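Next, two complexes with chain A in common: one pairs it with chain B, the other with chain C.
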Partner chain A sequence: MNDPNLMTQLCATVRKAGRIPREVPISAETCLVEDLRIDSLDLFAVLIAVQDRFDLVIDVEDMPDLNRVGDLAAYVASRRSAAAA
Partner chain B sequence: MTDRIVVVGHGAVTCLGRDMAATWEGLIAGRSGIGRHASLPADSYLVDLAGMVKDFGPGSSTEDPAVSRLGARSIHMAMASSREAWADAGLDRLAGRFDPDRVAVAIGSAFGGMDLYEAEQIKSSKRKSLSASPYLVPGLLINQMAGQVAQHLGVFGPSVAPANACASGGHAIAMGGMFLRSGEADFAVCGGAESAFTPMIVNGFATMKALVGRRPEDRSAADPGQASRPFSVDRAGFVMAEGAGMVVLARESTARELGLPVQAILAGWALNSDGYHMAMPDGSKIAKCLATALERSGARPERVDYYNAHGTSTPVNDRVETRAVKDVFGDHAHKLAISSIKGALGHGLGAASAIEAAVCVRALREQVIPPTINHRPDPELDLDYVPDHARPSDLETVMSASFGFGGTNNALILTRGDR
Partner chain C sequence: MPPGGDDVARIGRGAKDMGRLKAGLQKQALRALMPLLRRAPESLSAAVIDGLGWVNYRLVPGNRAIYDRAVERAREELGPGLDDRNLARRLASGLVHWRSRDRLLDGLTDEQALRRFDVEGRHHLDHACGQKRGVILLGNHFGAHLHPSHWMFRENYPLRLFMERPRRVSQYMTDQFRSEGALGQEKLFISRRSTPTEAAGSILRAMRILNAGMILQIAGDVRWQGAHTAPAHFLGSTYLFSTTWVVLAAMTGAPVVPVFCRPDGRGRYRLEFLAPFRVPADAPRNGQATVYVQRGLDAVADQVRRHPDQSNDYFTWPRPEIGLTRVA
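Moving on to the complex of A and B:
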C-alpha cells in the first residue's frame, strides 16, 4: 500500500473522528489505541468515519487486525481493489 | 413565611440569536427570526419555513467542544442556554460556596436527538456491519441534555427529562420548583431544548395540517417573517423552530445568603391533563390549569398584568386559548395584556415554554411586554394581544402557559424579583 493520497486522507479522517490534536503526529506506524489513546467508543467512530469517507464496508470480524494506521490503509486499499476487480 | 422560590439566572438560544440578549433585542424590536431554509429542500421536506439558529451546533464555528461527540443539536442548545443561565446567576464564580450534590437539573424536550437518529439512519443503510455510530444512543436519549449539563456544570443532584411535547420546558421548570420545595435541592437548572428538523418530523407535522404550508396566496410567500401570526384572522398554522430556554431556580434564603440578585419569583405553577384527545386541546382543562396556578400563587386574576400565551398561530389553539383566558380572568381578560412571542420565534416545541418563561423573567426585569408580531385582528378574538410593538408596562405579575399534544398543560406564575 503505497498510495500517498490515501494515507493523507486516512490520517485526516482518523484525526477528525478520533479528535486527535493537530500537534500529535499520525503515520502508517501509529497505533490507534496505544499511540493515539483512542478509546473504545472513538475507535468505532473512527472506523465508521473511514467507511463513510472511502465508501466501503469494514467487517466487524476484521477489526482486531486493524491496529495501526498502516493496517487501515492496507485494508482500505484491498477493499478498493476487490471492488474494482 | 415560607421560603419563596426565586429565579436567579436565565438564558436562551433562539432563531433571533444565540443568547438571551440578542433574543430579547429582536423580540422588542418586533423582528422575526423565521425564514426559508435551503437545509430543508423540497425533495425531502414538505415545508421549508423554519426558525433556525444560525452558526450554531455540531460542526459550526461556535461548537461547544465539551459536547462535540454528541451530534444532537438539542444537546448543544441545552448546554449553551444552561451555561448562560448559570453564569447569569453568578454561580460559575461561586464554586465551593454551595453544595453541588444539591443542584438539580430538569431539562425537557419533545423529540430529543431525533435529528441525529434520522441522519444516522440514512448513513446506516450503506454501512452494513458497522452501521451505527457509538455516539448515536447517547445522543438520542432525551435525558442526555440534563446529563451533559450536570457533567459540565459539575453538579450532582437529581436530574430528570420531562417529555411532554410542547409543554416540556414549562414542566421542567415546575419540576425544578418541586425539587426545591420538597427540600431535595438548593438550586435547579431547568428548562427545555429542541431541534427536530428531520424529514419525518417536519412532514409529520405538515400532514397533520399543523404547519403553515407552501401556498402562494399566504402572506409568507412574499415575506417568510410573516408566516407565524398568532391570534391573527388569517393564521394558518405554526412554524417549527429550534432553540432552548433555561432558568436557574433557588430558594430565596439560599439566594440571599450567597448574595445572588433575585430576578423574579416563581410564585406558583400548575400541571394537568386534558384526558381528551391525542392532539386537540380541551379548553376547559386549560382553564382549570390556569386557575389552579393562580390559586396556588395566591394571586387574584385581576392582579395579573401580562399573560404570555402558548399562542401557536394555529386556528384551533388561539381560539381555544382565548376562550380559556376569558373563562379564568372574566372581565379582567379585556384589560389583560396578552402576547405570543411565537410570532417572532416560531414554535420551539419542547423548548418553547422554557424560552417563554425566560423571556417573562426578562420582561419583569425590563418592565416591557414583547409584542405579538404580524398581527391582523380576528373579530372572534377580541382581547389585547399587544400587536406588533413592544409595550413598556408596570409589570408585577405575569403568567406563562403552554399546552402539548397528548393533552398536557402547564401554567407558571412569575412576579417581580425586586419586591
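Moving on to the complex of A and C:
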C-alpha cells in the first residue's frame, strides 16, 4: 500500500475515532490494540469511522487480519480497487 | 461493553457471597427433578422449586447466613418497611428458579409454553418493531431473566442475544441459538476470553443486527470498569456500568424497550415490556450516556422494590469500587 494520502487520512481517522492523544505517533506499523491501547468499543468506533470515511463495509470475518494501521490501509485500498473494477 | 481480552480481568467477578453459596446439591437436584417437573402441573413444579429454596436456605450449612445478610442489605437499601420475615427463604426460592433458567418450558408446544405467560405492554414492543430501526431489548438479571427471550423465540420475533452464551438453558433455546451467517446468533455470543478485536467484531455484528431491523437483547445492569462506563446509582450504591447498549442505541437510532419477567409462584410468568425510548445520536459524546444508564437501572430498582424476592444476586453484590461512594 503506497498511497501516502490514504495513509494520512487513515491515521487522522484512527486518531479521532479512537481518541488517541496527539503525542502518540501513528504509522503503518502501529498496532491498533497493542500500541494504541484502545479497547473493544474504541476499536469498534474506529472501524465505523473508517467505513464512513472511505464508504466501504468492513467484513467482520476480515477483522482478525486488520492488526496494524497498514493492514487497514491495504484493506481500504483493496476494497476501493474492487469497487472501481 | 462486552468483555474482551484484558477487559475481562477488570470485570468484578460478581458477588463473593454468591460464589460461596453451596449450589452443587441444588444443581444436581434440579437436574434430576427436571424431567418430572416438566411433566407435572405447573403449580406443582413451582411448589417443588419453592421447596428446594426452603431446603437450600434451612438445611445447607452456611447458606442461611448468606441469605440473611442479603436481606439485611435489602432492608438497608429498601427501607425498614420491608416485610423481610420470609424474604430470605423466598430469595432462596427465587434463586433456585433463576438457576433453573427456562428449562421448565422444554418439551412444551408453542401453544402450551406461551399459555404460561401473562404479557403486559406487548404493544410497546410491536410499536418499536414497527419503526423498522431495529430494537434494543434492554434486559437485566432480575427475576426470570431468560424467559423474555424464550417467549420471543416462541412468538417468532427476530431476536438475537448480545451476551455471554447462557448455560444450562432449555433444549428449545439451545436450538434457537444455532442460527449462523452474518446475522446469526452463533458468532454474536460474547466470550470473556475474546480479544478486543473479537469483541469489536461482536459489536459490529450487533450493529448490523439492528440495522437489519432485528431485535437485540442486551443487559443494562452489567457492572464494568474502564473507559466506556458510566456511574449509576443502584439500590443504595453507586457502581460503574457498561454503556455499550447506549452507544448502540445512539449509533443506530434503534428504540430501546426495557423488559422484565418474573415467576408468579404458581408456575406462570409475568412478562412486562415498558414504553420504548430513544437515545440521541450525540448522547455518548456529550456525556449523556450516564443519564440513559441511570434510566435503565432505575427501572430495575423499581422492580426490585416491588418484588425483592426476585432480586436474585443484586443484594449480594460487593460494595462499590474504590472511588465510588456509597449513597445513604
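Here is the rule we use: the second predicted complex is superposed on the first by the 85 of 85 C-alpha atoms of A that agree within 3 Å, B and C clash if a C-alpha of one lies under 4 Å from a C-alpha of the other, contacts with A are read in each partner's own complex, and residues count from 1 in each chain.
What we mean here is this: contacts are C-beta pairs under 8 Å (C-beta built on N, C-alpha and C of every residue); 3 or more make two chains touch, one makes a residue touch a chain.
These figures come from a predicted structure and were not determined experimentally.
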Side-by-side fit of chain B and chain C on chain A, or clash: clash
Chain B versus chain C as contact partner of A:P64, first or second or both or neither: second
First, second, both or neither for A:D52, with chain B first and chain C second: first
Chain B versus chain C as contact partner of A:L41, first or second or both or neither: both
First, second, both or neither for A:V33, with chain B first and chain C second: second
Touched partner set for A:V76, first chain B, second chain C, both or neither: neither
Which superposed partner A:L10 touches (first chain B, second chain C, both, neither): neither
Chain B and chain C contact sites that coincide on chain A, given as residue numbers: 40-42, 44, 47-48, 58, 60
Sites on chain B touched by chain A in the complex: 68-69, 123, 126-130, 132-135
Contact footprint of chain B on chain A as seen in their complex: 19, 40-42, 44-45, 47-48, 51-52, 55, 57-60
List of chain C residues in touch with chain A within their complex: 1-2, 4-5, 7, 182, 187, 195-205, 207-208, 226-228, 244, 247, 251
Chain A to chain C touching residues, read off their complex: 32-33, 38-44, 47-48, 58, 60, 63-64, 66-67
